[in-house]
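So that we are looking at the same thing, I have put the structure below in structure tokens.
Going in written order, the chains are labelled A, B, C and D, and every chain counts its residues from 1.
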Amino acid sequence: MEQGFYKDSIVLLEGVIEEIVARLNVIRQYKKVHNDRDPIEYIFSRVKSEDSMKEKLKRKGFEVTLENALTKIYDAAGIRIICSYIDDVYSVVEMLKKYSDLKLIKEKDYIKNPKENGYRSYHLVFEVPLDIAGEIHPVFIEIQIRTIAMDFWSNLEHQMKYKHDIKNPELIVSELKQCADEIATTDIKMQAIRKMINNS
Amino acid sequence: MEQGFYKDSIVLLEGVIEEIVARLNVIRQYKKVHNDRDPIEYIFSRVKSEDSMKEKLKRKGFEVTLENALTKIYDAAGIRIICSYIDDVYSVVEMLKKYSDLKLIKEKDYIKNPKENGYRSYHLVFEVPLDIAGEIHPVFIEIQIRTIAMDFWSNLEHQMKYKHDIKNPELIVSELKQCADEIATTDIKMQAIRKMINNS
Amino acid sequence: MEQGFYKDSIVLLEGVIEEIVARLNVIRQYKKVHNDRDPIEYIFSRVKSEDSMKEKLKRKGFEVTLENALTKIYDAAGIRIICSYIDDVYSVVEMLKKYSDLKLIKEKDYIKNPKENGYRSYHLVFEVPLDIAGEIHPVFIEIQIRTIAMDFWSNLEHQMKYKHDIKNPELIVSELKQCADEIATTDIKMQAIRKMINNS
Amino acid sequence: MEQGFYKDSIVLLEGVIEEIVARLNVIRQYKKVHNDRDPIEYIFSRVKSEDSMKEKLKRKGFEVTLENALTKIYDAAGIRIICSYIDDVYSVVEMLKKYSDLKLIKEKDYIKNPKENGYRSYHLVFEVPLDIAGEIHPVFIEIQIRTIAMDFWSNLEHQMKYKHDIKNPELIVSELKQCADEIATTDIKMQAIRKMINNS
């Protein structure tokens, strides 16, 4: 039953990424041509690895099947959008919500309401009707939108989470939390300076 | 009135190419995963140059405006799909016609009915509803599908057409015509050998 | 002993490909800017798979070690260059031989002297001094140069070779041989027409 | 005399970028395979625009010629390397200095000695012997290496410099200077946390 489930799902997951990235590229060009600010700096994407997908399905009590991989896991296909400024993050969120064929499944603003450890980011999950020569496959995609500074912080925090034999976890966690707050303050200052430059 | 018409249209024309190429990439992967033959060897694309677009509009008696560039010219955005075998060409044609949101505007089978000079190729024109953050822009795209051999021939024929001071045009035209027929025969033979290999 | 040999060798093999492809890109641009014909249509590359490398080492009686993978196999890193015309093939060969740091190890002109089955192509093997931050690693690379038509034929012939249960192998081999000769004739004709167009 | 100087120089400038980026890609892979940290996050490159090149030559009192473009301007070809941590910046610098064929022309450590406005970055200029099918062309390249945070700051500072009608320049300059110092402090803290995580 497990056999081949990944090979089959990966093509749909990569397909949905390809489709959304194509739309993002088009809109970025469109904004540039119309002298609008392109709010995006970088786009990254990944399909969850076979092992993580199996592990997540089992942890949630589901059978490891293609159907469950596509219907029970929201972040099997993931796109991360990095912006320079906080305003850009919200402008990307608004942009994505305007596509009438993307069904919004979940929305979390971890910028206004950061996680306890200091994590900041905006998360959206959409259901995308992927069209493969006339067959429509509904596929979920998770889109995380954050500033460069939030991303930098989050990469370091991620390293800590995946190291299991750390000596002073409490110290590191509290240092990380403090850095997250300082980075958030810098983000707000840089945004303010940018406004001063553009409005003057 | 002419000012800026190209800058505005190019983003829609490149957008429609990006969208269709994304779909082709998805379907190619889908076929590979399902042990179906991927019928495509190469995909090329181009947006018509500003000068050719202006020239074409004027020649057809239209004003040079953005609206006319997008509604009167079918091949402002073009994709060329190169296949190894003739059967693959027809399989790509069938594949493309299955997308329910692509409106077929024009269809020409220059393989069954080659042009007088020997030109062989399958031409499709679709109207694509390009979605830019909720705004739908209908844009035409011309898709030419041909074998490697037809493409090779056509590139040489193209060189001749754009050289204006040729000494023996009749001789070259007749040599090219003869080569086109030989290439068509080779295409059919190679297709037959392929069937022999696969069916045996 | 076998453990890890592939992971270590692959980075050098991909490195040598990256280096040679960068040089080819530079020279192609250089020719375009100087109104010289760019003789190259497509560039493909591949690193031999782990299984083929092991199989080849064993078949030749060598131990499966990193050193042997890099010093006994000439085609572990391979580049294929596809040209439109026969003259272009020879011009690429001349171009490559001009790099004074590439040491020519082997050279075979299967265009002037086709293989018995009809195979045509020009093969070069170079030893490249790959510089990784000051450490020089000598790595072999095999470069195959051929026309579009030779490549098309060779892809079909390759399919036959890897199908083991073919019913009429003699018939197919003889049909393929005949097609190879016809394709070679067409290549010569197309080259002649090109000369007629350019010289007139 | 000015005619065509850009078309000719651009191919050498793009060539030297292509060559150095290929080497960086190889070394990044090499480090990954050997379980060494890949110190690079992003690589950007650009060739100076025709107008800036002309302007710079004139400002420095040189004639606008191909030779001067290639021998008097150090940053006509530029690569920017972005690292996560300060240690990574220095490790990239060491790496680049190990290539024996790259001649170091200029070196500035604006991290240890920031510019007055707060700018931090490490600058290297190399003379690269670009090999085009046996012809050696010496070409300069400027490589800027900085952290993500330094890069973010510098992009905002750059926007200010190119806006000429700013109302409160002194206020913005002083705010930017203060932000630069805070960002530098965060960089050092994040580096320290990373060491704590890795060494524990």
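Here, contacts are C-beta pairs under 8 Å (C-beta built on N, C-alpha and C of every residue); 3 or more make two chains touch, one makes a residue touch a chain.
No experiment lies behind these values; they were computed from the predicted model shown.
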item	value
Chain whose average C-alpha position is farthest from subunit C's own	A
Interface sides of subunit B and subunit C: same vs different residues, half threshold	same
Euclidean distance of C-alpha centroids - subunit B vs subunit C, Å	29
Between subunit D and subunit B, distance of the C-alpha-averaged centres to the nearest whole Å	42
Multi-partner residues of subunit A (at least 2 other chains)	none
Chain contact topology (line, ring, star, complete or other)	ring
Residues of subunit D defined as touching subunit C within the complex	7-8, 10-11, 14-15, 18-19, 21-23, 25-27, 29-30, 32-33, 95-96, 98-101, 130-134
Residue numbers on subunit B that touch subunit C, as the complex places them	42, 84, 148-149, 152-153, 155-156, 159-160, 163, 165-168, 171-172, 175-176, 179, 182-183, 185-186, 189-190, 192-194, 196-198, 200
